[in-house]
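Heads up, the next two complexes both have chain A, just with different partners, chain B and then chain C.
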Partner chain A sequence: MKGFKKYYGQKIFWYLLTLVFAVILNFVLPRMMPGDPVSAIASRSINGMQDSTAIQKVYQDYAEKFGINKPMYEQFFIWLSHALKGDFGVSFSQYPRTVADIISSSVWWTVALQLPAIIVGWFLGNLLGAIAAYIRGVFDKVILPFFLFVSNIPAFGMATILLFIFAIRLGVAPSSGGYGFDLIPNASWVFVKSVIAHYQLPFWSIVLITIGGQAIGMRSMSIYELNADYVKYSRFLGIKDRKIVGYVFRNAMLPQITGLALSLGTMIGGALVAEIIFSYPGLGTTMLTAIKGQDYPLLSACTLIITIMVLIANLVVELLYGVIDPRVKANQQD
Partner chain B sequence: MKNTIKQVFHSGKFLVGFIIFFIIFLTCIFYPLIVRTDPLAMVGNGNFFAPGTYISQEEAATEEPYSLNVDASSAKLQAALSVDDLSAMQQWLIKYGGVKESDIDVTDAQKMAELWQAHYDSTVAQPGLIAAKKKYYVRLDKKITAALKDSGVIIADKDADTGALTESKTIKETDFINTGDISNKRTFILGTDNFGRDVLTELISATVSSLKIGFIAGLIATAIGLFLGLLAGYLGGFPDNLIMFITNLFTVIPSFVILILISYSVGNSARGIMMVALIIGLTSWPWTTRSVRSQVISLRNRDHVNLSKLSGHSMMRIIFTDILPYIASYVVMAMILQISSGILSEAQLSMIGLGPATTKTATLGLMMNWAMQYSAHLNGSWWAYFPVVIMIALISFSLNLMNTGLDQVFNPQLRD
Partner chain C sequence: MGKTMLEISHLKTKYITRFHEDVYAVDDVSLKIEEGKSLGIAGESGCGKSTLALSLMGYYFAPLHYISGDIIVDGVKISDMKPEQVRHKILGNEIAYIPQAAMNALNPTQKIISFIEDVMHAHGIKMTKKEIYDMARERFAELGLPEEVLQKHAVELSGGMKQRTVIAISTILSPKVLIADEPSSALDVTSQKMVIRMMRELMEKGYIKSMIFITHELPLLYNVTDDIMVMYAGQMVEKGTAKEMVFDPVHPYSKGLMGSIIVPESGVRERKLTAIPGTPPNLKNPPKGCRFAERCPYATPTCSAMAIDEKVFDDDRMYRCLMSVRKIREAYGNGDGE
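Up next, the complex of A and B:
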């Protein structure tokens, strides 16, 4: 048990360190934009003002608010101390809403959409891949190439295809938004039904994309494992086929879990763009409005929250891996 | 070398991928030679013209007509009356016209119109019908009468002095022209986009720039990845630890986020095609580094490398003669994947508004972005974005197939 603690401790320490770097990058990069972002924002709000002392005041106000008159490292610590309290400042494009308010209203949409979609897609893909490896034949020749092609359609492309077929042509699903535009979020049955209806297309477009890639990886892993010596030995021993498939599946699964951890960032990036197609009220759409409105406090808060989400997801996957993989377990018990 | 290439082309997957990619590549080269118009010329005056051939209306009207015995009125009726109109007519005829339901065939517009003309009377009492609906029926009646009328369109010349019109030609219902006679026409196989640009021509030029971006990004990412991977794998020790630390950092922090942050920080004015390619290349090297490093580590202690070391060969020479040739196939595969992911990254970046900030060239992502901004996906203008999606999918499909094919050739374990 002590070994496990050490393993987990190391992992968590490593992720905290990564988080620190991510935070620094998040702070520094948007501030490296040529020209002074604050003056650009200030110039927008003084647009049309005549009184020069008022203009001066507005400018100073903004400068003070962002502390750009202080050195970079001091700015960083001020920003950090605010950020730790959940205060990311005020959004420019949606003034006077605070960034924290916008993020907190959009982040759950993204989490509720992407987490189940990626997990479902991953499971279905692995199942499909394992079946394809075991059965071969039709499955291998027809369904897999199809999914191979589908997995190469970018997430936003799949989103437009589903949107065109199901929302525009067949009219069975709503085309945009996270709930009916005539509704106000509340706990009523009508609202929940509307949310579920709007959930379908974004959800399935992410699932379909995920399935293909996972199935292909799982198939080749399973084929590799099926030809391994231990499978042949088990057959000689007369162990039941069902049990052998269980072993194979478990062994082939391990690299797939690592693969999930590695590709999680890419997947989430793609899914965020797919959100934009549906104007889903998640982080992707928020990011688009932030970029369009030159709203850099909002943008950097969005990217930070996405980074944190990916980090947490990765950490969970790695910790799970420690439990599942017998080799890690064995290492820790020594 | 020759043998390897032969072997590679024997792989079915590689061949299919290669053929698809090659066709796209050839199209990109030869299409601009045949169609020499500016790909970004705004031809259409308005957005999203549907695919088809557009012929000059003026020329069509002045062209010498052929008389065909085709019943044009029924086609005109079909075009004029929607399904809703027909069912509304049916309702009226049953309720107020005294026609039996069994006598009405809603699918036959011609018969419906005849029945309608025989029974409709706007002055008849229509109890239970609101005024708006009554007016709708009057309008419907006018529409049907107009469609059935065999009057023809009169073309008149205007006298320059008096302004009086003199009839010069009547276009009858039975007049047809051969589209081949019209010299003034333009075919948009994929319609036009929101700026009125020909989508097909634009698509080809966008594919060229996207391939360019993918290629440059892939080259940069592979070069950095290869360099760092070799260094880390071969040297080991502190350089290895440092490089792996940075690499791990950037594999966990999603590259999409860094891509967004850098693209944003560069600013709009500096973000051209080359800049975007550079940024994508600079953010996507970590996994190449990782895999090159693990390959090098497995090679480092092989006998031939040790022998070279004992012979006192320089590090450069060992790397170039004893290590690089062994991982060359691997690096090529990694680069193919980098190209494909570079093209995708550009598209995604453009979708959230951080793509190349230029109006002088088109990229696949920018085309997609414009189509979405003008809600092509909501108003049914599929031609503005489906070709782009399919092009991206085809490029990445062909590259991935090539990669899988190579993988099977060079990793015999994976062969079926």
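Up next, the complex of A and C:
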């Protein structure tokens, strides 16, 4: 048990440290963008005004409101103290909506789309890899190479291809949005059906590009494990193949779990782009609007939320790994 | 004379390589083990010892293939049985195997007890978890293994402990024949001693009825087994009791093998350590005649010309050489072999 505590303690410490750096970068980087968004907003209000002192006054008013007239480090601590309370300020581009409001309406779309898509993609990839290693034949020679090819298409490319084939040519799926544009979110069947229909293309575009990379890893791990000494030994003890395959795939899965943790960041990045192609109302689309409108409170809140999501997912995967692989526990004991 | 536990006659098996070449690793080997007896198989690496061990079990998977010969376990001819039947009924149950690399023989992510459960279930033994645990605990205690081992994973055990655990698991169903392929070769002397003691206990307590012990360490065989068989290039070259084989080897190869043992005795520094010159033949195209002829100091042109059969001498000893035993002994007496 002591070994476990040490393992978890270390992991959590490193994740917290990463979080601190992520928070700082999240704040600083968007603010280093060229251009001044406040003057852009101010210029809208001063449209038609002639008096230069009045214009100056309006600008200062906005600058104070958004807090950009203070030094950067002071802005950071003010921002941080607010952020900890869940207040990320007011959006520049969708003024006067608050950032928290915009994020909370889009983050669940992203979570609901990406979490199942990545898990399904990972699972199908591992299944395909295992089958390719064990049964070989057409799985190893045709299906796996096909998915490997597909997985090298970038996320936006995949999204565009699916969009073109299924939404435009075949017309079997809607082309954009999270639900029908003529609906307002409610708990009716019509709305749920619309959401499911809109879910398909973004979901499968993420799943399809995830499968290949996972499958190739699982295939080589399974081949390695299938030749392990314990497989031969188990055979000579009369244990059935079905059982042995169970051992093999459990052991082959373990590195795949680490692989998932490592690639989560990239996957989520790619998936956000897929959202944009489908104008899905998630974080990806929100981020794009924020970038276009130089809306850095919104942008840093988006990146921060994404960073936290990736970190949490990574941490969960690593902690889970400690439970399912007894070797981790054994290594921590001395 | 005890009951015959394992008998193989004229067994031939081959490996098929990636390039579809046949390698005849076990070529016409016959042997017999009676109840309560142990047989040691010795030879240099690549001579077919381990392949013989795998071939004995009657269950083949690529790249090893069966060609011909009979395998009879306690009166049952398993060489005629279907592979799946052999696996289900014979392996682990009648014939148990201890692999060469016992270090990696256990699934790293499984508890020892859970693996024992799998072994029991594979042979259709209907026992509850509790019953299996009690039985395993009892057996482990009998063999001097601590009970905690059952609840551990393989990675948590030391090398010697892992090896002994593997032996205990292999023999949990009290098999008739135990085949141990270099069970102690990778261990330090203390662990080696424990492993050897454990094998003896298994025999004494009747958990195994007979044993085949494969090793390249001849002194070990002399201490452990009743009989010794020396293999060379896929064939048996000589067989006899342990004592006869160590003190009175007949075949020039056995003689050479015994001569290359390092024994810590008085005068060992003065005695020259001999080695057999040359390398074993390629088994893709085994020589037609005596396989050892190329390296044999007594070889004559006739040795390579014709196949040599196994011959019996001194009632129950066997060897495979063209020369008569008397002639060989004469040659050794002249000191030619030294």
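In this section, the second predicted complex is superposed on the first by the 307 of 334 C-alpha atoms of A that agree within 3 Å, B and C clash if a C-alpha of one lies under 4 Å from a C-alpha of the other, contacts with A are read in each partner's own complex, and residues count from 1 in each chain.
Going forward, a residue touches a chain if its C-beta (ideal position, glycine included) is under 8 Å from a C-beta of that chain, and two chains touch if they have at least 3 such contacts.
These numbers were taken from a predicted model, which means no experiment stands behind them.
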Chain C versus chain B on the shared chain A, clash or fit after superposition: fit
Which of chain B and chain C A:270 touches, first, second, both or neither: first
Inter-chain angle, chain B to chain C through the CA centre of chain A, in degrees rounded to a multiple of 10: 100
Partner chain(s) touched by A:187 [first = chain B, second = chain C, both, neither]: neither
Which superposed partner A:176 touches (first chain B, second chain C, both, neither): first
Superposed model, chain A: greater residue contact from chain B or chain C: B
Contacts of A:325 with chain B and chain C, given as first, second, both or neither: second
Contacts of A:18 with chain B and chain C, given as first, second, both or neither: first
First (chain B), second (chain C), both or neither touched by A:228: second
First, second, both or neither for A:84, with chain B first and chain C second: neither
Contacts of A:236 with chain B and chain C, given as first, second, both or neither: second
Least Cα gap, in Å, left between chain B and chain C after the two complexes are fitted on chain A: 10
Shared contact residues on chain A - chain B and chain C: none
Touch list for chain B against partner chain A, complex: 248-249, 251-258, 260-262, 264-267, 269-270, 287, 341, 344, 347-348, 351-354, 368, 372, 377-378, 380, 382, 385-386, 388-390, 392-393, 396-397, 400-401, 413-414, 416
Chain B-touching residues of chain A, taken from the complex the two chains share: 14-15, 18, 21-22, 25-26, 29-35, 148-149, 152-154, 156-157, 160-161, 163-164, 168, 175-176, 220, 223-224, 262, 264-266, 268-270, 272-273, 276-277, 284, 287-288, 291-292, 296, 299-300, 303, 306-307, 310-311, 314
Sites on chain C touched by chain A in the complex: 57, 59, 61, 87-93, 96-97, 99, 101, 103-111, 118-119, 122-123, 153, 155-156, 166, 169-170
Residue ranges of chain A in contact with chain C within the complex: 228-230, 232-240, 243, 247, 250-251, 254, 324-327, 330
